[in-house]
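This is the structure I want to talk about, given as structure tokens.
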Amino acid sequence: MDHLLNIVDVTAGYGSITILRGISLHLDPGECIGLFGPNGHGKSTLLHTISGLIRSTSGTISFDGTDITGAKPPQIVNSGLIQSPQGNTLFGDMQVFETLELAAFSRRARKDRETNIQKVIELFPRLGERNTQKAKTLSGGERQMLSIGCALMCAPRLLMLDEPTLGLSPRLKEELAVAVGKIAESGIPLVIVEQDVEFLMSLADRLYLVEHGEIVREIDRANAPGHDEVMRLYFGEHTH
Amino acid sequence: MSNPILQTIGSCKTFGGLKAVNNVSFSVDQGEIFGIAGPNGSGKSTLFNLMTGIPYGPTSGEVRFQGNRIDKWPAHRIARAGLCRTFQKDAEYPELTADETLQISAVYNGRRGGREAMRQSARVLELVGFAAKRRQMRSHELSVYEKKQLMIASALVSRPAVLMLDEPASGLTKPEIAKLDNLLIDVNKSGVTILLIEHVLSLLLSVSQRLVVLNYGEILAEGEPGDVVKDEAVIEAYLGGRG
Amino acid sequence: MTETLIATLVSGLVLGSLYALMASGLSVVWTTLGVFNFSHGALMMVGAFIAWTVSEAAGLGLLAGITAGTLAAAVIGVIIERLLIRPFYGNRNMLLITVMTTLAAMIILEKGAQIIWGARLKQLPRLIDGEVSVFGTTISAHEAVLAVIAPLVLIAIWRFTVSTSTGRSLRAVGQNQNSATLIGIDVPVAFALAFGLSAALAGLTGALLGSIRFITPVMGADPLVKAMIVVIFGGLGSLGATAGAAYVIGIIEALLILWLGLYWTPFVLFLLMIIVLIFRPNGIFGSAE
Amino acid sequence: ADVIKIGVLAPVTGKAAADGQEMVNGAQLAVDELNAAGGVAGHTFELAVGDVGDASADAVATAAERLLGDRAMGAIMTGYASGSNFEIEMMAEQDMVYMISANSAQTEGIIKPNPDDFGTVWSMTPSYAGYNTEIVPVIEGLGADGKLTLPNKKVAIIASDNPYSKGIADGMVESFKGAGWEVTENDLLPFGEINDWRAFLAKIRQNPPAVLINTDYVSANAATFMTQFMEDPTNSLVFIQYAPSVPEFLELTKEKSSGVVYNLLGGVLNTPTNPRAAEVLGKYKAAFGNEPGTYGPALYEQVLIYADALAKVGDPSKRAAIGAEIGKTSKQTAMGKIQFDPATHLSVQSNDGVPIQFYQIRDGERFLFYPDQYATGEFAQPSWMK
Amino acid sequence: MNPALRNIVLPLACLAMLALVPVFAIDGYTRHLFVIAFIYAIIASNWNLSLGHCGVFNFGHLSFFGVGVYTTAIAAKTFDVNPWLAILFAGVTAAIAAFLVAAPVARLKGIYVVLVTFAFSQLAMQLVLSQSYITGGAEGIVRIPYLRLGDYSFLKDYKLGYYYVGLGLLVISTLFLLAVTNSPFGKSLKAVRDAEDYAAARGISVSRQRVLVIVLSAIFTGIAGGFYAIYLRVASPEVFGFGTLSLALSMVLIGGAGTTYGPIVAALALTFATESLAGLRGFEEARFIVVAVAMILVLRLAPGGLLGLLDKLIPEKRQE
């Protein structure tokens, strides 16, 4: 089975606390999957584990055929597996442009740094306007844009967005949806963690519902239960 | 019949060349839920900052609260006077448990004795639906959502006259937003005026009785939520196609 | 009168250059990693002793000595980082703990040096002997050379940290390790690099000081304090601020010595600093939030 | 035969470690010698070191307590342990034999009020009064003999803010004024590392005095002073207190210090008429491979003086008696003939007791040129003076 | 391990043991070491109040100690105030001095505090040195009157009296610290340390808490200084030196910043560790290295400090 990203029975956590209890999921080239589910149930933790920020205690993660379980984060990034983390504060004292330029750090990313910057600016003109402002003084939404911008600067071969619409205005959400759509079309596969299910369903081919560090339900476009179904799933579980 | 509890009069905040908030005037009536919307970077949080003096007051203009000019007051005094805010970035006291977090808020506002403070905390935590079994955990171990709950709780426990919430719903699931919706209504019923910055329209529109929309630091529209969302300029600048 | 004033300004500049050299390395680790390295002075001392051993004891000449001193300090710096700083990344008390571990490093280096080289004073020959006269005031040629080297070194580092990708990565790591990691920066390598660089600067400074001061196991104490003052007083923002502060303090000190004499100068200098910091809580050149 | 411990209270680590280690070496030398000779009154000796580090009160007290607590401790020796000599009290309270070789002003201050309480405490260094007065007649003498041409009757003095330097500087100012000299500069520096004397030297160059005096005894500072003076010397005789007697001073300043004058009280009296000194210095050099300053020989002699007293009393536990015996000492030592003043417990200064010695450094050599009876060379006008 | 055991039983047991020490340690030397350890324990644990709990990098803390030392010395020697009283004075003057430092520091952030407080301690030292007619300058003040109760002189009985006075002071100071840190005020210190804006938004005055904590941390530090002067019967400027500072700092951090007992344990441990090596000939420098290495090891094994180490050995079961 040649999934681009293949996660088999991964468990992980913080110190003595286990958060992920045997998660398995996969993603094929050109695909876009979405993770949703109640807060605090391990979605971000999962992404952290994939990026190597947290070591999995068991299970295997493989990307593009190679096993990256327990690989060092820089390796993982160099291989093009990029994450835009949740509610990111980035580098407080660095200016917007500096940050973007720096983000193209891996050798792969560095060569088409300039063109990527242009892309990002097109996507978020606001960042252009604020180019010399320090990150820590950006507004919540602007920070979110910068964070996603950085991820794009890393020349991703697989992009993981953790709650990308967090704190974005409705209008920007739409624009972001379009943008992400473009990214997907450009052939970059996506893993999106998101609370806004409409947003998610408008983009993802498959959805995973994450609860208590497990995948409790996989929803495929094929056997799509439709929007209301998902909603019910959602409201259904909220009395736990 | 309007008796403004909180007013800004020509408030401005500039950062170098940038006018983050530019001559904004509005007044909030006792007991209402007052919504603030606007594109990213339009100055909403800055508005909160200059009203609460955290971390800075206005560059110019007045802020009046219960009839007093407070724009020169130190932040903690404003807070004690009953103007209580939450932050957009989740803030926490990493080493304190939920109980302790609330306890100090209670003591430093109501100046109530320790035991009374504890009782209050328990009540409020329950009100915001904070899982009882997590109350003894240090804040840095809590999830994003729990941190948000805690921040709101710590505001409530200090008996605010005006509760100022900066994007409380961001990152919440539908069910959680629904709960938040109820919570705000309850709190408001108990006589607390609420200022609400929110991008989650469902919540914003359902709870707020009045709404201003900021754009580039200036008021773009103000009035009944229903009307405001129909405003062309607002749709153009903020809502976008979906409306 | 005027020539005494000029003389004072000149010696102020020389002092400033010295302080700039002492502070630059400290500033590098501080501004990048947010670590306050109390063993910085001790690293200078090591640089000086190694330089002396190579240059005098082994008789390989001063330049060889200085190079050796710089390199040796760099190596030790990297070791310190590996053993005493790295284990504490991300610890909420990191700043405090590293203060302690670097203090420990200072003790180890100082006492170690005393065991190896003994307590007796040593001194290196000067880069250039004799005196030069600047605006009619004689200063030793060696110090004149320092006054030239210092700004060059500073500019070099400054360029490195702001405009090279590697340099920026150092700053990034200091500000947010998670994000840094997620854009592919190898955090441990960055830390080691920053520390090595800083230590190398310390070693160089020490070796140069070794010709105008005396080389003893505790020779680093005074430069450390000076460096600390300069870095903080300048405002922790940037190397530029550090350099600025170094010269400001140097010149003020020289002027105070002229007007008040050596005795009350330190007193007044400290007083001035307290006052300045009260009115500019982020240092003279620190950006006000 | 049982073993008597001899304690050395010294700054073996920290800023003053060079002195401290020399003290230990000196005492060690004596102990080895005594043991080699089969001990004294059937006792052999063993050295115990108490490190006072940076001389903070608790460090000194702790080290002292440790030595005092040792039942086998027979006597404690030091050059100096604290700036204040407060430990003298602790020693006296337990009748511990305690011999010091510096800070005689502080010692006198503590003992003089009631000497009987301090029967076991004795100082090898005489009162520093000599430092204040002797310099004037000596210099004027040189002038009178035409060995030194004094361009004027001006003197400039700079001191460091510690009791030793400050006290001596004040004393000198008195004496010079008394002799009708004009004191053009009388500056005080903070005590500690001084890297830049130029501000002071600048003033000197404005108005060159016939005599330039620096009483900062820290050899590093003095060396810096000398080198920076030589950057642009004035027509003045340079006198530096104590520091030039430290061996390193020569190594550090090399030819730059040729011509400088200093004096010593209770320093090693190394001259043909006192062969003892050469002998001790020789032994020290043989044992430790380097030239000692004052403290090595001083502690060597201290231990031997204690040994003599012990030989008379016999029982090391009779410390009061031993103390009394030490008080009666009259012995030719490396520093000259030691006798103690019962009123202050300091050794007595006099030309045939412990003399004040004036030296001049020329081409890396030390020449003792006063008092004449000990002279090893003539004073010669420094090369930089016209 | 069980909090009750950890916070009540264990300390009391230790206290009981300390109370019995003089029965077994009859020589002046051992008792002296304890007295010194107690004094450092007071300095470190009080420093920890501002440094550990409130994150105020007060590098001038030792100067409060110095102020205490000289207050008592001058009061008892120059104005022959009763030594007991003189010791108490020290607490007052130290608190006043602390207020003077705190005023400017309150507005400063993080590392800037280091500079101002350090500068302050330098000023204090300079003053002491320059005003030699009052302070004795570098020579210091000696022969300070010693403690007496009725006509019992504390110089007798191999320091027995001093031992219990020292222990008593330590106990009182510790009770004081416990009271402070467990109060809402104590909690608010941590809030101010970790999230200024948040704390301010909840009605806590950041600068006020900072000033208060510095002043509070000075009181017993000053008293300890007073006791130090009376006990050693000397006041000399080295108390302002860097050596004492780094020693005390290491006690705070090894003990565990933010814990109350940690620094005390560390003070005792370090004092005896260094001293046990001090006797060895030719080992004088090496002993500092050994201790430094030990410090590093502790910090690496337990970044939370010695007590943290204790918890690691006896892990407390966390409630999920």
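Order of writing sets the chain letters: A, B, C, D and E. Residues in each chain are counted from 1.
Here is the rule we go by: a contact is a pair of C-beta atoms (placed from the backbone, for glycine too) under 8 Å apart; a residue touches a chain by one contact, two chains touch by 3 or more.
Predicted model, so just to flag it, every value in this text is computed and none were measured.
Asks: In the chain contact graph, what is the shortest path length, in steps, from chain A to chain B?
Replies: Step count on the best path from chain A to chain B: 1.
Asks: More contacting C-beta pairs: C-D or C-E?
Replies: More contacting C-beta pairs are found at C-E.
Asks: Roughly how many whole angstrom separate the Cα centroids of chain D and chain E?
Replies: 37
Asks: How many angstrom lie between the CA centroids of chain A and chain E, rounded to a whole number?
Replies: 50
Asks: Could you put a whole-Å number on the gap between the CA centroids of chain B and chain D?
Replies: The separation of the two C-alpha centroids amounts to 75 Å.
Asks: Quick check: how many Å separate the C-alpha centres of chain B and chain C?
Replies: Result: the chain centres lie 47 Å from each other.
Asks: Can you list every residue of chain D that touches 2 or more other chains, as numbers and ranges?
Replies: Answer for chain D, listing residues that touch two or more other chains: 13-14, 161, 190.
Asks: Which residues belonging to chain A are in contact with no fewer than two other chains?
Replies: Where chain A meets two or more other chains at a single residue, that happens at 17, 89.
Asks: Could you pull out the residues of chain E that touch at least 2 other chains?
Replies: Within chain E, residues 126, 130, 258, 285, 288, 320 contact more than one other chain.
Asks: What does chain C use to touch chain A in their complex?
Replies: On the chain C side, the touching residues are 165, 168-169, 171-172, 175-176, 178-186, 237.
Asks: Help me check something: in the complex, which residues belonging to chain A touch chain C?
Replies: 51, 53, 72-74, 77-78, 82-85, 88-94, 98, 101-103, 105-106, 109-110, 150-151, 153-154
Asks: Under the stated contact criterion, what part of chain E meets chain B in this complex?
Replies: Those residues of chain E that touch chain B are 184, 187-188, 190-191, 194-195, 197-206, 208, 258, 319-320.
Asks: Along chain D, where are the residues that touch chain C in the complex?
Replies: Spelled out, the residues of chain D in touch with chain C are 13-15, 17-18, 20-21, 161, 187-190, 193-196, 198-200, 202, 219-220, 223-224, 231-232, 248, 251-252.
Asks: What residues on chain A touch chain B, complex-wise?
Replies: Listed in rising order, the residues of chain A that touch chain B are 14, 17, 36-40, 44, 86-87, 89, 126, 130, 137-142, 144-145, 163, 166-175, 195, 197, 231, 234-235, 238.
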